[in-house]
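You will see chain A twice below: alongside chain B first, and alongside chain C after that.
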Partner chain A sequence: MAQFGFFIDTSACSGCKTCQVACKDKNNLEPGILWRRVYEISGGNWEKGSNGGWKASLSTYNLSVACNHCEEPGCVEACPTKALYKEEKRGLVLIDEDKCIGCRYCEWACPYGALQFDRDRGIMSKCDFCVDYLDVGSSPSCVASCPMRALDFGEISELTLKYGNMKHIYPMADPEITKPCLVIKPHPEAETARSNNARVANKEEVKQ
Partner chain B sequence: MIVKDIPLIGFTLLSQMSAGLLVLYNIMVFLPTFRNKGRMPAWFKTIPLTAFILGISAMIFSIFHLGHPLKAAQSLNNLSSSWLSREILFMLLFLFFNGSYVFMIFRMSEWKRLMLVFLNLGSLLGIVLVYSMSRVYTDLPVPAWQPIFTFLNFSASAIATGGIVLLLFLTQKGSLSAQRSLSWILAIIFLLEIAAIPVFLSYLDQNSLTSQQSLKILLDDYGIIFYIRLAFQVLSLVFIFTAILNLKSNIDENKKLLWPVIMASACIFLSEISGRILFYAVVVPLGGL
Partner chain C sequence: MLYQGYGMQRRAYGEQPVRGGCVLAAITGNIGIHGGWASGIGLQPGGSPFWNIFPMKNNPVRASIPTFLWTEAVLRGTDLSKEEGLRGVERLSSNIKMIWAVASNALINQHSNINRTARILEEESLVEFLVVQDQFLTSTGKFADLILPACMQFETWGLEDGWKYGEEVILMPQIAEPAFETKSDYRICADLAMELGLFNEFTEGLDEKGWTKRLWESYRSNRFPDIPDFDTVVRNNLGVYSLPVHEPKISFEDFVRDPVNNPLNTPSGKVEIFSPELKELNDPDEIPPVPKYIQEWESPFGPESEKYPLQAIGPHYMGRVHSTHDNVDWLKEAFPQRIFINKKDAEDRNIEDGDNVMAFNDRGKVELICRLTERILPGVVAIPQGAWWEPDRKKVDQGGSVNTLTSERWTPLAFGNAQHTIMVEIKKVR
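Moving on, here comes the complex of A and B:
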């Protein structure tokens, strides 16, 4: 089975949210539903240096996250109806909408906020990797739209060869939990994000 | 308060109350201290009936949580890996045995051995139900739903709410020793619940960045509800000790016991409801995304 995944270059991401909008547009998502979300990670201090001078110690960067189509998806394991499943062809995590009863349990099972409740239809919704585009040889809309070329996609083995095997950046959950299929190029300021107590600054925008 | 959580609050509280009531009733059936002059009075039949009605009410609440209530039966499709599927299965089995026992005590009371088998199985499934309900939450990447705290929280809720309903029954015609024993059990549960609060807060503070975010929600965003709950917990304890003190005097026991037990019931229900609001409010997934 092939396993597709995303690449995110957080050092290149400008936080313009074109990927977010392109996804909403392509999938005709209602207000409040974001299959791809750009988290603004922000933290820092105004510190006195060893020479007595004051300087800002900042950690600010953007993190564009959709479904990571995990190798061991917690949502698939948790779903009581088997509406969520991992498809064979590309290893994508998809929803059988006829089976979904809208219990929203998967929402809690995903540490990446990928599952979004569609109130109008009473079922869950999520990134399907633009599987219809993939079938005709096109890129997912978020990848194609990124003006900074901060996003890429492909077989995870190829992405790893191309970009390395970094799967984690602060403050994402430990990748050992669900084994997300993504490769990350970390922003340099991510190194100091934990010590700077950086948090998601735009919660109101990205939380459903 | 998040409106979408109301059905879950109703489902978890009512089902735990139902399970706690049936388990305590089962214990009462077997222990001589809980009997009135050596036999079970006829009106005790209404206790398992109440547990059954509470269980059915819980199921009705759970339906309102679904986006597609008519497809609720599909929630049993993933018993192999989903604790939510298992929880629903155990709930249905619990209701089946509880309901069958209620039917038998009203219609087939001569089948005493079979009745006891159904009661014991119902109680066992009640315990399994509370356990599976805690696993529904503790298997998720949410640090605030720490496994031991969550299981103890749900178990304490089951005993406290089920126990206070049983004590309300006992204040009418129950034996003095039964009232005294149950009052002490409840007092110990309330003390443990209050004692667990600083331990839980300390866990949240020291565990991870995510759990610290949960702590902030608990004490800042939902601080009023947190302190209201604490006040109700303390008041529950005060009223239960008042009931215990009243039981020590010899004048018209049932009447003297009734008012503190009613007050304690009100405080317990309000503290459990506010506790469950907090339980769902502190959800921050690991990483905080």
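Moving on, here comes the complex of A and C:
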């Protein structure tokens, strides 16, 4: 079975959220529904030096996350009506809207915030990898829109060859939980993020 | 590589770091070489003009005033002098009685000291008639006596040339009809020209598409000989043409190689670290002939910092272009208007992330939700510029416009804005 995934270069991401807005534009998502979210990670300290000037030791970077179309998706497991499923062609996690009863169990089960409740329709919604674009040979809207070229997509084995096999960056969930299909190029400041007590600084923007 | 033009000039004495940068480049030998710099914001030398080539005709009005001093011109009228930047005439022939603001929320929202500007606009004995031509009911639009509703760019024909880094021409075809009673800016002007009996002189018999075609062909004949003709471009849905850049261009290369035969456009033909022209102005405290540090008129180092200890800056926000797009819900969701505060400053004031905070000084009050961040220097707060001013009944701005706090004082040499030079205090509210 093929397995598609996203690549995120967190060292290049400027946090401009063009991916997020391009996704909303393509999928016509109301405010409040974010199939792709950009997390601002921020931590560290400012200390006054002996010369009176400030010195910063910071860990700050941005992390753009949609759905990771996991190998072992918690959302699919949690869904009581089998509305969520992993499709065969590209291994994407998709939702059958006719079966969804809007119980939101999947929302609890996903460690990445990918499942988004559509209040108007009373059902869940999520990233479908722009599968209609893939079918005609185009890129997903988010990847195509990125002005920093920080996003890429494709067969996960090819992404791994191209960009390595890093599947985790602070403060994402342990990849062993759901085996996410993504490759991350870590921002250099991610190394000090834990010791700097970095946190998601824009929780309200990612509706966390 | 030095770079200038991204904010530091919009401060009190902003001329000094700008000239200082040039001097630093000169004395370190970084002019006219690869990777060097001489001035400005890094335009491609020899690149395109900033705006397109719509013919301007002959404007019989000789008077001009610095944009930033428009409130001064309204207040002083015929008393306005060259001390306030008046150019072209000794005195204005009348007070300013009418303003016609086109595609501009600059009048109230983007100009400094909004409460002062509002008082000036509200005073009927000054400007008696304000016309605003825009697509949205902006904060400026709310002061208008008359609003002329303009259509969107997508609803008319247009042409743009690239600005800054390259040579480009971009066709902007009409893809939808204007909504409701809106008209293009050009059509509004043409209709007014008709009332003034100047229709043919103004339009030269052309509509929006006709002008776009004429200007496209003009570009083709004088700058971009390789681009297809207008009809072909439209028919084939082309639209963007960039002149490829094959090698970096270097400013003042000729001057550095042979300064005698390639003098600079200065009185001496040389780099003027000491400027005799500036010395002539005889204001060494504020316009020194050699650039130097001058303590700003509102500064963390002055006595004013006891009452207002925090510097406030108004950076560009990623969700807006100045005040444009502040009314777009997807962008407000992505970049909500916030006041950004360093944790240290917040701790000193018992402010927590997400609290409602008031930023204030003698000129005004802004109420905003705060975002605590490590990404800003302690002692500095940021209120991204461009949010639309929304005063409540107590004149507290609930929209988050930094210009509620900024000062109308202009820079001494350039008559420019100094909107990043302000001191404020913040406190938690409710």
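Convention: the second predicted complex is superposed on the first by the 199 of 208 C-alpha atoms of A that agree within 3 Å, B and C clash if a C-alpha of one lies under 4 Å from a C-alpha of the other, contacts with A are read in each partner's own complex, and residues count from 1 in each chain.
The working rule: a residue touches a chain if its C-beta (ideal position, glycine included) is under 8 Å from a C-beta of that chain, and two chains touch if they have at least 3 such contacts.
Computed from a prediction, not measured in an experiment: that's the story for all the values here.
Asker: Which of the two partners, first being chain B and second being chain C, lies in contact with A:F129: first, second, both, or neither?
Answerer: So A:F129 meets neither chain B nor chain C here.
Asker: Quick check for you: in the superposed arrangement, does A:F153 touch first (chain B), second (chain C), both or neither?
Answerer: A:F153 sits against neither chain B nor chain C.
Asker: Does chain C touch more residues of chain A than chain B does, or is it the other way round?
Answerer: Partner touching more chain A residues in the overlay: B.
Asker: Of the two partner chains, chain B (first) and chain C (second), which one does A:R194 touch, if any: first, second, both, or neither?
Answerer: A:R194 contacts chain B only, not chain C.
Asker: By the touch definition at the top of the document, which applies to A:F6: first (chain B), second (chain C), both, or neither?
Answerer: After superposing on A, A:F6 lies clear of both chain B and chain C.
Asker: Name the contact category of A:S42: first (chain B only), second (chain C only), both, or neither.
Answerer: Second partner only, chain C.
Asker: Intersection of chain A residues contacting chain B with those contacting chain C?
Answerer: The answer is that chain A has no such residue.
Asker: For chain B, which residues are in contact with chain A within the complex?
Answerer: 4, 65-69, 71-72, 74-78, 81-85, 88, 136-137, 139-142, 209-210, 213, 283, 285-289
Asker: Can you name the residues of chain C that touch chain A in the complex?
Answerer: Touch list, chain C to chain A: 318-319, 329-336, 342, 344, 354, 371-375, 377-378.
Asker: What does chain A use to touch chain C in their complex?
Answerer: Going through chain A, the ones touching chain C are 15-17, 20-21, 24-25, 31-32, 34, 38, 42-46, 54, 56, 58, 60, 201-202, 204-205.
Asker: What part of chain A is in contact with chain B in the complex they form?
Answerer: 37, 39, 63, 65, 74, 77-82, 99-105, 108-113, 117, 119, 121-123, 171-174, 177-178, 194, 197, 199-200, 206
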